[in-house]
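Next come two complexes built around subunit A: one with subunit B, the other with subunit C.
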Partner chain A sequence: MKEKIIDKGHYVDVPVPEGAVVVPAGSRLAVCYTLAGRHAFVLEAGASLDLCLLAFPGECDGLELSVDLVGEGAEASLSGICVCSEGEFPLKVTVRHRVGGCVSTQLFNGIVAGSARTGFDGRIVVAPDAQKTKAFQTNHNLLLGDAARAETRPQLEIYADDVECSHGATIGRLDESAQFYMQSRGIPEKEAKVLQMISFLSPVLEHVPEDRREEIAARIEQTVRSL
Partner chain B sequence: MAENDILLDIRGLHASIGDKEILKGIDLTISKGEVHAVMGPNGAGKSTLSAVLVGRPDYTVTEGSVTFLGRDLLAMSPEERSWAGIFLSFQYPIEIPGVSITNFMKAAVNARRKAQGLEDLKPTEFIKMMKEKMAMVQMKGEFAKREVNVGFSGGEKKRNEIFQMAMLDPMLSILDETDSGLDVDALRIVAEGVNKLRTPEKSAIVITHYQRLLEYIVPDVVHVLKAGRIVKTGGRELVDIIDRNGYDAF
Partner chain C sequence: MYSMDSMEEKELLQNITQQEYKEGFVTDVEQVYIPKGLNEDIIRMISSLKEEPEWLLEFRLDAFRKWQAMEQPRWGHLDLPEIDYQDIIYYAAPKKDSERPKEIDPALAETFEKLGIPLHEREALAGVVAVDAVFDSVSVKTTFRKALSEKGIIFCSFSEAVREHPDLVRKHLATVVPAGDNYFAALNSAVFSDGSFCYIPKGVKCPMELSSYFRINAAGTGQFERTLIVADEGSQLSYMEGCTAPMRDENQLHAAVVEIIVEKDADVKYSTVQNWYPGDAQGRGGILNLVTKRGLCRGTGSHLSWTQVETGSAITWKYPSTILMGDYSSSEFYSVALTNNRQQADTGTKMVHIGRGTRSRIVSKGISAGRSQNSYRGLVRFNPGAVGARNYSQCDSLLIGSECGAHTFPVIQSRCPSAVVEHEATTSKISEDQLFYCTQRGIPPEDAVGLIVGGYAREVLARLPMEFAMEAGKLLQVSLEGSIG
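The block that comes next holds the complex of A and B.
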């Protein structure tokens, strides 16, 4: 896990990306889908965005996501379920707190299998005047097999002084003691792995809109069984 | 003793972890319906014996044999041993975040049924069975929804082990230091649970450091394990001798 502060003390005020989807003041946008390419969102005062990304094998294309919080009281909740079994999947997420009093949370959990390589670049930028910002970022990666690779680069760039920010990232493998515990209860090795993978992704499932949760849960189960 | 009354037969068992030999020749025969206590000081190899019987991968058996109901136990995977009727109550139960007790037990019960060529248990039957066994260890309804051992107190973890034992209804239960870290009330609940599961056909190995648990679960045979060997085998009277004089006498 690397942490770097770019150009400490010199905030660079880059413009809001062109063609960004604007979530107007006081409104809410909730979406759950598979995305590829470049996408940008701008949140006005009191607006909220719930974005849940899905990337299953065959859909793991590179994605660059940026979210700009430009009005006070805006809230962004970004999450992602990624299961990749081949190729490269770079995921770049930039959240900019341009004004104070906004909240952003990120939770991206990825299972990397086969020969897949994933890279998470998560950047949180808090502008000098964006006091009372709350920004949290989490990225967990589960490696299956020796050929799978994951990289994670969480970055916090904070120019304001009254903020609450945190980030956490892990890269690990299936827990062998839990595996054995399940086997000792008669759960076959393969089934025990499936249960562990489902449980690894389950915190993100809570971010999927309720009406689609069952469908996505079924898709997760089907996908991890095939790994 | 009739040959077909023998449940477990351990002969000349040696086992190591890494380069370190822990079990140095264990002979132990358990017949159906018997409760054996294995007592011994710390580091004697008590937990290693239980780990080897359930096939924990970090231990290597270097010599000897173990047969369970006539089958070569050491050739079986941990899940096959469970299907055959062996159950270990872990000294340190493992947490499995994200997996509910219900889903965990459903997977366990149905995996065994599948191995026996049976259909999955009907949801209503499964729920009924869960409720019945939970009541036995005084666990309330919300328990079924909790993640396996996550945030459980020491007593709850051990009650959860006995609950799982009741659900899986084993032929041989191995209780590894089930009394450690329990207060008197939790100990009584656990012991009552174990006693309710006793039948003339079923056997248990109670591994313990102290005599306390054996006041509740009364053994037929007592073994003293020291430095990887059984140094003394006797009846209940051994428990009192250990209580008075410790293990130095053996």
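The block that comes next holds the complex of A and C.
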């Protein structure tokens, strides 16, 4: 049973989630891992969070992430790679700018293959008076396979005026002209597809901490090949 | 960098928000009412007043029963006041002069003249427009009917269409918006009064713009019009819709249904300039505009284009949508929604791709000022058969003043691997650089804001038919006056 939505059309000051991981003022937290379940982060003044999520087939079945920016000058960079070949993978990301002068960026790229269903539910809420907020969100999806399904809901809720916010979302297929280019130069079809999928996911790779980048790049290649 | 001090800002804000709603007058004309309230007897009464056939009464009653079992939707990003459906008069019509039943009451003619809607068949400067003028619950006049009928085009009020072309109406009514589609569509199906009916036969290009003008006059009433447009194979039509209402302290309900059927290779362009009374600066009164508009691109290669400029209404809840069923059919949605003071708008579109190679494009521009809330809500959906379908959506929001809100709630669903969809949205305030550039050249800040907003909305305004584009441009200026912050 879906919970009933009652939207009153104005700002609701939802309390900060209990049990959230607090990133103290001025400190930095960088994490990169496979998460599942519910996670919450609270960023104090000047704190920064660099979070990179990885979801490979069969490893997790959905995630709910919330990030609250409660101190001025906090910065959150959220990114994620999601490769699914079966089952459902709902990803819910809520970023709340409770005070002004914070920056948040999001980049989530997903490949949906086989019979998988993914749902990206991303929400940015900018509270009244949270001026000078910058919030950006991007979600790209590649849909491979006739039984696959992708859904994306990038949402912006903005109650302050001096802000810069944007979101972008796409659902599409492998670019045919790029495929043709590679094939006409002797790269086999399968290999061309793998290359393009890797290049599709690689912008997220830049957010992975350097010491783990190689390991994860290898993981991505292995996963993409198995699709 | 240029920045206004707070006093200056306040003053400007006040000037703009105090702009008058010039269509807010009331016409003093004798009217026929039915009693307040909503039940099966009232529906029978409406139906008999309109001398409707049995099947239509059955349709109404069926819709009413569906409505009773439904609940008012609450998912909109709106603070919707409680509506007492028993406290509304569902039918009000100006009294006909029994001695001159064929002629239009001079007071009504004058009203429409004042609103700039020509009921005389004279050529306007900008071109010829045929008008169906609806006053409260009835259509008072439809112009150019003869000239149109020579081409086989049927353009008349809905009630007349029921009498004169019952087969056509019966064949198409509720095929796009079923009676039980949603709460307000069900309510409309039960109590709808008048509206326009339009049929363009095969291969005919409509020689003039057709338009409907809706006017609410009576107090304590609601307007529930129904428009049905059928464009047969290879035909072409440009349709416009306008509306205004008097200024009152109470909310008035407007729940309309518009259905458009586009056959093979036909092309329909539907433009709306919505200027219902928005309520005063404190948020008292205004129209609750809760409408369902939907088009069905049934045939191969059919095309439907929506253009809307929304400046009025206390609350707007409206999602003109297209079902792209025919292969290679296409649709566009261009919208400017401006909210000021305490207005609330939750508007957008739905594009449902069913056929192969279907294409759609969404361009939505929201402008919020004062203490208003402006939301874009949309759906783009690709069904498994929508091979090679394509959508591009762009939603921009402009914020003027720190107390308003701008929101974007798009939903994108794809079940077709060869379909491609792109969505982007941005939110920002009027750039200080642009404002500085203008003021530095001697343009007062208020005019500068108008200029910038005009430029921002241009992409959409350029899509409107000429006479509408001018009106819409002016309307944006008026609605914005005093909102700079």
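The criterion applied here is as follows: the second predicted complex is superposed on the first by the 217 of 227 C-alpha atoms of A that agree within 3 Å, B and C clash if a C-alpha of one lies under 4 Å from a C-alpha of the other, contacts with A are read in each partner's own complex, and residues count from 1 in each chain.
What we mean here is this: a contact is a pair of C-beta atoms (placed from the backbone, for glycine too) under 8 Å apart; a residue touches a chain by one contact, two chains touch by 3 or more.
Computed from a prediction, not measured in an experiment: that's the story for all the values here.
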Subunit A as common anchor, with subunit B and subunit C clashing or fitting: fit
Subunit B versus subunit C, judged by how many residues of subunit A each one touches: C
First (subunit B), second (subunit C), both or neither touched by A:Glu59: neither
Which superposed partner A:Glu221 touches (first subunit B, second subunit C, both, neither): neither
Cα-centre angle that subunit B and subunit C span when viewed from subunit A, reported as a multiple of 10 degrees: 90
Touched partner set for A:Glu72, first subunit B, second subunit C, both or neither: neither
Which of subunit B and subunit C A:Glu88 touches, first, second, both or neither: neither
Subunit B versus subunit C as contact partner of A:Pro203, first or second or both or neither: first
Which of subunit B and subunit C A:Pro188 touches, first, second, both or neither: first
Minimal inter-chain CA distance - subunit C and subunit B, angstrom: 14
Residues on subunit A engaged by subunit B in the complex (per definition of touch): 176-178, 180-189, 191, 195-196, 198-200, 202-203
Touching residues (chain side subunit A, partner subunit C) in the complex: 4-11, 128-129, 131, 141, 143-146, 148-173
Residues of subunit C that touch subunit A when the two form their complex: 74-80, 344, 346, 373, 382, 384, 397, 399-429, 485
Interface residues, subunit B side, partner subunit A - complex: 54-57, 77-79, 81-83, 87-88, 90, 93-99, 103-104, 107-109, 111-112, 115, 164, 168
